[in-house]
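Both of the next two complexes hold chain A, though its partner changes from chain B to chain C.
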Partner chain A sequence: MRAYLEIAKKSFQEMLSSRGEALIRLLAMLLSLYLLRSFWKGLYAGSDEVQGMKFTSMLTYATLSVITGGILNIFGLLQVYIAYWMARKMRSGEIVMDLLKPTDFELYLFSHSTGRLAFNLMFSVPVAILAFIVFRLEPPPGPAAAFLFMGSLAIGYLLVFLIDFLVSLIAFWTTQTRGVGGFTRLIIALLSGSFIPLWFFPAWARDALSWLPFSSIYHAPLSIFIGKLKGAEAMKTIAVQVAWALVLFALSRVLWSRARRHLMIHAG
Partner chain B sequence: MFNLRLFFKLFALNLKAQLEYRVDFIVSVFQIMLLQLGSLGLIWIVLDRFHDLGGWTFGEVAFLVGLRLLSHGILILFFPDIRGGVNEYIVSGEFDRFLLKPVNPLLLLVANSVLLNGFTDFSSGMAIVAIASTTLHLHWTVMKIFFLAVVVLGALLIEVSVYLAASSVSFWILKLEALTDITFQFHEQFILYPLNIYGKPIQALLTFVIPFAFVNYYPAIYFLDKSSAVLFHPAFAYATPAVGILAFAGAYLIWKRGLRAYGSTGS
Partner chain C sequence: MAEIEVKDLCKEFTTYVRGHGLAGSVGSLLSRNRTVRKAVNHVGFIVEKGEMVGYVGPNGAGKSTTIKMLTGILYPTSGTVRVCGLCPSKDRKHNLMHIGTVFGQRTQLWWDLPLIESLELLRYIYKVSTKSYKENIERFCDILDIDEFMQTPVRQLSLGQRMRGDLAAALLHDPDILYLDEPTIGLDVVAKERIRLFIAELNRERKTTVVLTTHDLTDIGTLCRRIIIIDTGRIIYDGPVEEIRKRFGSESSLLVVFKEEPRGLSLQDAEEIVVDGLQARIRFDRRRIAASDLIGALLKEYPVSDLTIEDTSLERIIREIYLEGKLDAGLS
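Let's look at the complex of A and B:
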């Protein structure tokens, strides 16, 4: 456990040394906030509510989506980056050095990525607080919702990590993940509700998408925050998230042991 | 003329090198199509619920998106390095390589980089303009098609100029990802939506400073006959080619001055 905490601490410190980059990301985040605000203002055109979604709730959702994106932006590219990293290590053979360490490989990567997450949290949370004050956004409807939101967001992060890790394992067979990685990123961008909330999708599409793991990343936590998902429905959504996390975790263990064996055969 | 022949020869070589990775290319074709059409799908979903975005219906927003992709595709196809690549060359010192040859360094730089993805972007742009035209029942006369071609070339000049100017700054200040990153965000995201939804400062910025609004917004006013969307001056609807030429002249001057000021990093 100590070792993993140290790994997380180290990657956090690594991030601290690239503060200049963080500043650019901050600026990009503010521009995105401005863009989305203009976009939804242009759509609502002065009305308070459209399709059961209040304007202030929508602005809150959009702001949180930018912030969540900033928090999950672990490696500079949006989401799915371990895949690129792994492919590079596979091609150079550097992967052997990571495997020699007496740590669990998946946990090692998870600690590394969580260290970076902590750094992202550090500069995204002040932006969130500022945006809430300046734009007069809505706080969650109650302490229970706030608590559920944080839990749901945490599971969302877990799912992003697991999806990324699973995709990265493909590199053990192909040494190339550019295509699959790109597709995964694209699917997350289109189907997670990060830009357009699933509430505006046709009902059948919304139902189908809420059963997939991608909606856990944005749609689930943000909808809980603005109070669109509450009570039994919120609990059901979180249950779906937990189920996906368990399934993907089990899958990652199976695939990882196979990938490892494959690599050994490869090395002769 | 020697320059031009050399240019095409280098260009063909680079194209061949890329075609070596056939699977990569096919995968990226699907990816780009999915990205462009998927994003358009999201806009369709939201405009189906809201009717219009700052007075622009789905077909009209699609036209903005498609028009941008046309020049963007050509930019990616012929000038991929101009977006950040030049920057890297200068910082790494690799840029010296371009100065050692008896050819205009800018021409050499362009001939050296080809990205086939641009072809897919361009085709998606054509498809999206076609979707917009059917939705809006646009009537394409010969005159309009001719002007469309001129607008796309003008827009291309604008994009090349903005990135060239932004890259030239690294002749003086080496590290400037911030500048290219922000330019990128305006180019990739802000002009996907009608300019009139933004506040006056952003409208002025995208019209007079980094004139990306001339890539799609202003010409769309002419093509869609949308006088309600006029900003600043109605003549801007026809100004894209002129703005392109002016922008390029300005950017080329900055580039030339930068070249003169250039001292290699020596690494």
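Let's look at the complex of A and C:
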């Protein structure tokens, strides 16, 4: 296990070596926060409540969505980092060097990814604090909600990773994930509630989406945070999240062993 | 028990042939021509512990594909590989724990971090004890001089330095077997020599088994006693380097550019002369005639503007083995 912790540390260090990039991301994050606030302010047009949703709660949701995006992955909507990484390595044949490590490949990638997550946390949390003060946002309703939020967010991260990993394995057959990567990104953006919360969807869509893994990424933790999901309903949502994590994990094991057999490396 | 046992090994790759030009490209969206290429074709050999074997062939002969199957990252299409009794593709992690691999064209080092960081990480991945980690780092500093650039980000290293770093990384866990795939590619003469000396010493002192692929015959000449030559996926020679050297080692070619077309060019001691306009390739045996004598004879008779001496190339050796089949004894 120590090896995986060290991989995460190296991945974190590697991120630190590109500080310029981090600064640009930080600016992008601040800009999207400002834009989103203007967007929702415009939509609410001075009214305090729309469809039973208070403006402050909505703004809290939107702000957290940007910050969660920044934490879970590079920023905003780009959640398929591994898929692009894999396709690049596959095309150059560089994947050989990663496969030559006596490690579990999925866990190896997860450690990489978690190192980046730690780095993202480092600059996202201060932004979150700043946004809460400047926008005068609402804290979670109680310690229980705060705790559930963090648990739900952690499972959300696992799901992002698993979806990304599964998509990336397509590169073993096609050496290309641009199309499917972009599609996944779009699906996550639309169906996860990252941009538009699911309660603005029609009831049938909302119901259907709450059973899919995507809503676990943003909608579940953020709704818990603003107190929209609580009690038994919150527990049910988390149970769905855990179930999806288990299913996708099992799937990833099966698909990975098949992908490995299918590996073709022509270059060098 | 042999350390590496390869039997009847085959690897096929499926590729799709695309049509040419715009029409062809659009056409191949609808229907594709599937072709199967045999990268490795019924290859078999045995390597004993402590042996140093050169695995040689031109580009695309199947060298790297074989190495990738030995390391277990590629599954064979058919045939078997046994490394220390394990099946590398099925027992990938166990196999990888006691082998080291260097691919000359790639690096396993973290590009943006100083060299030491990559070595530190490998220590945990391979569960190297603190004591042997320290000893090995000291040893690498001694012979590979990696301490000169230990704190430098890998992307800033020269190719020679990076290769030394990669060697250190591959050997940190004292592997039983070292696979080297084109380890000297792109290096200058001094750097090449240094890598060769290091590998020779490693094999002598630690009895590390070395399988070395290259298309630079000098690598083989200085390092290996045994050579396996592979071409288009098949082994065409497996035997002592000495035999190849005896057969081809004294042969050279003289490349000549004349000032005017040399009519009826003939030299007494040349083995073969091929004239192409103003240029000619004269093959000769140094045991029969010294290069200086041959050149002297040539200059006396013909107006020459440029001269180059070339050693026998791998491609020619392969052609010869095919054509003449004189090394039947060594064929497997």
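Points worth noting:
What we mean here is this: the second predicted complex is superposed on the first by the 259 of 268 C-alpha atoms of A that agree within 3 Å, B and C clash if a C-alpha of one lies under 4 Å from a C-alpha of the other, contacts with A are read in each partner's own complex, and residues count from 1 in each chain.
Going forward, contacts are C-beta pairs under 8 Å (C-beta built on N, C-alpha and C of every residue); 3 or more make two chains touch, one makes a residue touch a chain.
Here the structure is a predicted model, which is why all the values come from computation and not from measurement.
Once the two complexes are laid over each other on the shared chain, residue contacts for A:41 go to chain B alone; chain C is not touched.
By the document's definition of touching, neither partner reaches A:235: not chain B, not chain C. By the touch criterion defined above, A:190 lies against chain B but remains apart from chain C after alignment on the C-alpha atoms of chain A. Once the two complexes are overlaid on the shared chain, A:14 sits against chain C while remaining clear of chain B. In the superposed model, A:246 makes contact with neither chain B nor chain C. When the shared chain is aligned, no partner comes close enough to touch A:134: not chain B, not chain C.
Shared interface residues of chain A, touching chain B in one complex and chain C in the other, do not exist.
Put simply, chain B touches chain A in their complex at residues 24, 27-28, 31, 34-35, 38-39, 41-42, 45-46, 49-50, 52-54, 175, 177-178, 181-182, 185, 189-190, 193-194, 196-199, 202. Taken together, the chain A residues at the contact with chain B in this complex read 20-21, 23-24, 27-28, 31-32, 34-35, 38-39, 41-45, 50-51, 178-179, 182-183, 186, 190, 195-196, 200-202. By the touch criterion stated above, chain A contacts chain C in their complex at residues 2-3, 6-7, 10, 13-14, 17-18, 93-94, 96-97, 99-104, 260-261, 263-266, 268. Put simply, chain C touches chain A in their complex at residues 13-15, 64, 68, 71, 73-75, 92-94, 96-97, 101, 103, 105-108, 110, 112-113, 117-118, 120-121, 124-127, 153, 181.
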